[in-house]
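Both complexes below contain chain A, partnered by chain B and then by chain C.
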Partner chain A sequence: CRASGDGKSEKFQPPPKPVIIDKQKQRAERRFLSPEFIPPRGRTDPLKYYMERKDMIQRRKVFNIPEFYVGHVLAVTTADPYANNKSNRFVGICIQRGGKGLGATFVLRNVIEDQGVEICYELYSPRIQAIEVLKLEKRLDDNLMYLRDALPEYSTFDVNMKPVSRLDHEEVPVNELQVRMKPKPWSKRWERPKYNIKGIKFELPESKMKEAQKWSQPWLEFDMLREYDTSKIEEKIWKEVNEGLKK
Partner chain B sequence: LSTTGACRAIQKLTRVRVVDNSALGNTPYHRPPKCIHVYNKTGVGKVGDKILLAIKGEKKKALIVGHKMPGPTMTPRFDSNNVVLIEDNGNPVGTRIKTPIPYILRQREGEFSKVLAIARNFV
Partner chain C sequence: MMPIWTKSGKRHAVTLLKVQDCHVLRYVSKEESGGKTAKLLVGGKNVSPFSKPEAAHQIFKEAGVPRKQKVTTFNVTDDAIIKPGTPLYAAHFRPGQFVDVTAKTIGKGFQGVMKRWGFKGQPASHGQTKTHRRPGAISTNKASKVYRGKKMPGKMGNIYRTSFGLKVWRINTIHDIIYVNGSVPGHTNCLVKVRDSQLPTCKECNKNPPFPTFFADGDEKLPEDLFDEEMFQFTDPSVTYT
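Our next item is the complex of A and B:
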């Protein structure tokens, strides 16, 4: 009951109506088609890829494979007959996504007790019980294999990390981290233009960087035979996958 | 002139890293421990194979617990070739293994039960 104040002029203010974010609409605006759906360039019968896609859609209906890019920190639980509780949880940063169709794989890397461990998981394997995205962030490159030659602090992730909550359903943040490397020799010569890496802070002398540019092949981007335009194929597959998932 | 590519699994003359807390494995020596024989039909050692190591001028058997070569999918690949020192009867020399060990070794629980008992982390 109100002791002071005007009871009549102050009308009852209803609470603000909840804003319903239509997630389906938002997701449709921000189309993400997993890269393993896009068939590689070649002369194989498209029927093979169609059948694989049907199986992939079937699997996705039963088990949710979240959207993730290279650079995300994931936690994967797999069924393991030799582990306690029959299941095995591994947390790591995704350094590479490879393979097409049902054989699509992704490699997770983590440093546990000063020992770097990498595990290559198959996305559509029935052994996988859960995939959680712990941290969403894209990196400057598609392939983070150079983390093997980087200082171990860049690959260490806490095993009991809590999932970082995502506010924006629109964009995936890009982390422009420049990684510092261990002294040379590295497993690959990452300074060479063939790898086109933007995420390393090269502390090499200018002469070495110039020498690495000798191996650049600037004609490659204009080579017409290497062009593979996937926009139309992606449109078709996008429709197909969406219809399949809705049923 | 043809050269073979890097093997990356463990064979003769590979330098390995001893992972348990035994005295032999952890005291510094001017030469790294090297593999001199692999107890396998092929000379290539994978996880779970026994090898002969030359450490500090002595011969010692060891068990491979992880290598740099990528194996079957869903199995871990380590950044260094890890090895646990072992006696002839299979008893481990050290008392604790800090580095992570793959779960696949549990398949051969009979031979490696004592090694698995001293392991702390599994991957």
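Our next item is the complex of A and C:
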């Protein structure tokens, strides 16, 4: 019997059942298919992309290419016949990932002794000996070319940086950093809507921002001929790549 | 087109050519054709027989082969004659050989003199009246005529052109694909004629081909991929310099 009763006779509420979160299932739900596997739209024979994919899978079996996005800080060691130790290590933030198939590239940027340096590496080149991911963070944009016109502090990374530890099943964190820019003129007019940049803190007057919106093309998102739905293609390629890597 | 790396780390671009249902159709002897050597008619890529009259199917019925989209002739010496009806495969070529590739170039339609022949045209400003992309003068006063073959505007492209001395880097025997160095005339998925190179510098490299051709029902069992010696295969570890 309860001493301080509620007055109303409450039915016995059983305690809530414990929800078992299976961490292994969570890990499997997160899929990452490298963007160079997805074939572009065109009239080429799919057999050509199949042959390229076989070569890419073969290279990935021998050499580990880690999962990385634009905005990660990477260290790449390449074989260089003219260097002292015959190898060359470069650390930088990944600005863009381009190309499809075996010719896929990524551009790393860093500021060394007040000089901005950008190097474009090919993912599947045999001269690359190691790729290490030092810091994992996605940014708000797919293309960080505006870092060229931003203050140099945003592109400097320590060459002897230690890799930041990270658990496997966590999602890749998104860094919502708003970058401050050098005074205009810039290499491209980043305030225009065609670049669709969310990661810059524009300190321009309102009139300039309004004038930039004149170049917006709001009909583009409704254009059905430009749609390229890659979900089904990605499923097939994901299965193919996984089977190839397991063998 | 695809990138390819050598064992020293150099990068080359490569075109993939697929050998699609090629059969030998007919043997024409030296006296019949009136040329210096005997000829072999070869057809490629099966196509439906219903879009042409029965008379055009004569050659294909004699060889016992479905109708082909393209028929080409190859000049052949007497010891390299093949029986009509034999299929031809990509393994006819070997990595390290040199090859000439002929195809119809991409048609650009009626084009002006600047695009077709590379003329410089006239300046955009400084008083030019309605003359920016015109040919200018077409002959001299003394000639008092225009020479035959004068470069003028006209239909550009859609003609047969050959790229000579292309190296074969790799051959896939299952899908019948030849990886040929550099670019090849023609648009993607167009029909192309591949022939042993006739350049004088390449005569030594084409010394040991499968002669007269590679027969699939023979005793030779080739591996899935044949690579050139200098090519970097993706099963090897990364390139290092010593």
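One rule holds in what follows: the second predicted complex is superposed on the first by the 219 of 247 C-alpha atoms of A that agree within 3 Å, B and C clash if a C-alpha of one lies under 4 Å from a C-alpha of the other, contacts with A are read in each partner's own complex, and residues count from 1 in each chain.
Rule of thumb we're sticking to: a contact is a pair of C-beta atoms (placed from the backbone, for glycine too) under 8 Å apart; a residue touches a chain by one contact, two chains touch by 3 or more.
The model shown is predicted, which means the values in this text are computed figures rather than measured ones.
S.K.: Using the superposition on chain A, decide if chain B and chain C clash or fit.
M.R.: These partners fit in the superposed model.
S.K.: Can A:G101 be said to touch chain B (first), chain C (second), both, or neither?
M.R.: A:G101 sits against chain C, while chain B stays out of touch.
S.K.: By residue count, is chain A touched more by chain B or by chain C?
M.R.: C
S.K.: In the overlay, answer first, second, both or neither for which of chain B and chain C A:S125 touches.
M.R.: Both: A:S125 reaches chain B and chain C.
S.K.: Determine, under the contact definition given at the top, whether A:K48 touches first (chain B), second (chain C), both, or neither.
M.R.: second
S.K.: Quick check on the superposed pair: does A:F63 touch chain B, chain C, both, or neither? Answer first, second, both or neither.
M.R.: second
S.K.: According to the stated criteria, A:D80 is in contact with first (chain B), second (chain C), both, or neither; which is it?
M.R.: both
S.K.: Just how close are chain B and chain C at their nearest CA atoms in the overlay, in Å?
M.R.: 5
S.K.: For chain A, what residues appear in both contact lists, the one with chain B and the one with chain C?
M.R.: Of chain A, residues 80, 122, 125, 127 contact chain B in one complex and chain C in the other.
S.K.: Which part of chain C faces chain A closely enough to touch in the complex?
M.R.: Interface residues on chain C, with respect to chain A: 2-3, 5, 9, 11, 16, 18, 172, 175, 177, 188-189, 232, 234-242.
S.K.: Which residues of chain A touch chain B in their complex?
M.R.: Interface residues on the chain A side: 78, 80, 82-83, 88, 90, 105, 112-122, 125, 127, 148.
S.K.: Can you list the residues on chain A that touch chain C in the complex?
M.R.: Answer in residue numbers: 42-45, 47-48, 51-52, 55, 58-59, 62-63, 79-81, 86-87, 101-103, 122, 124-129.
S.K.: Residue numbers of chain B touching chain A in their complex, please.
M.R.: For chain B paired with chain A, touching residues are 66, 70, 73-80, 82, 98-100, 103-107, 121-123.
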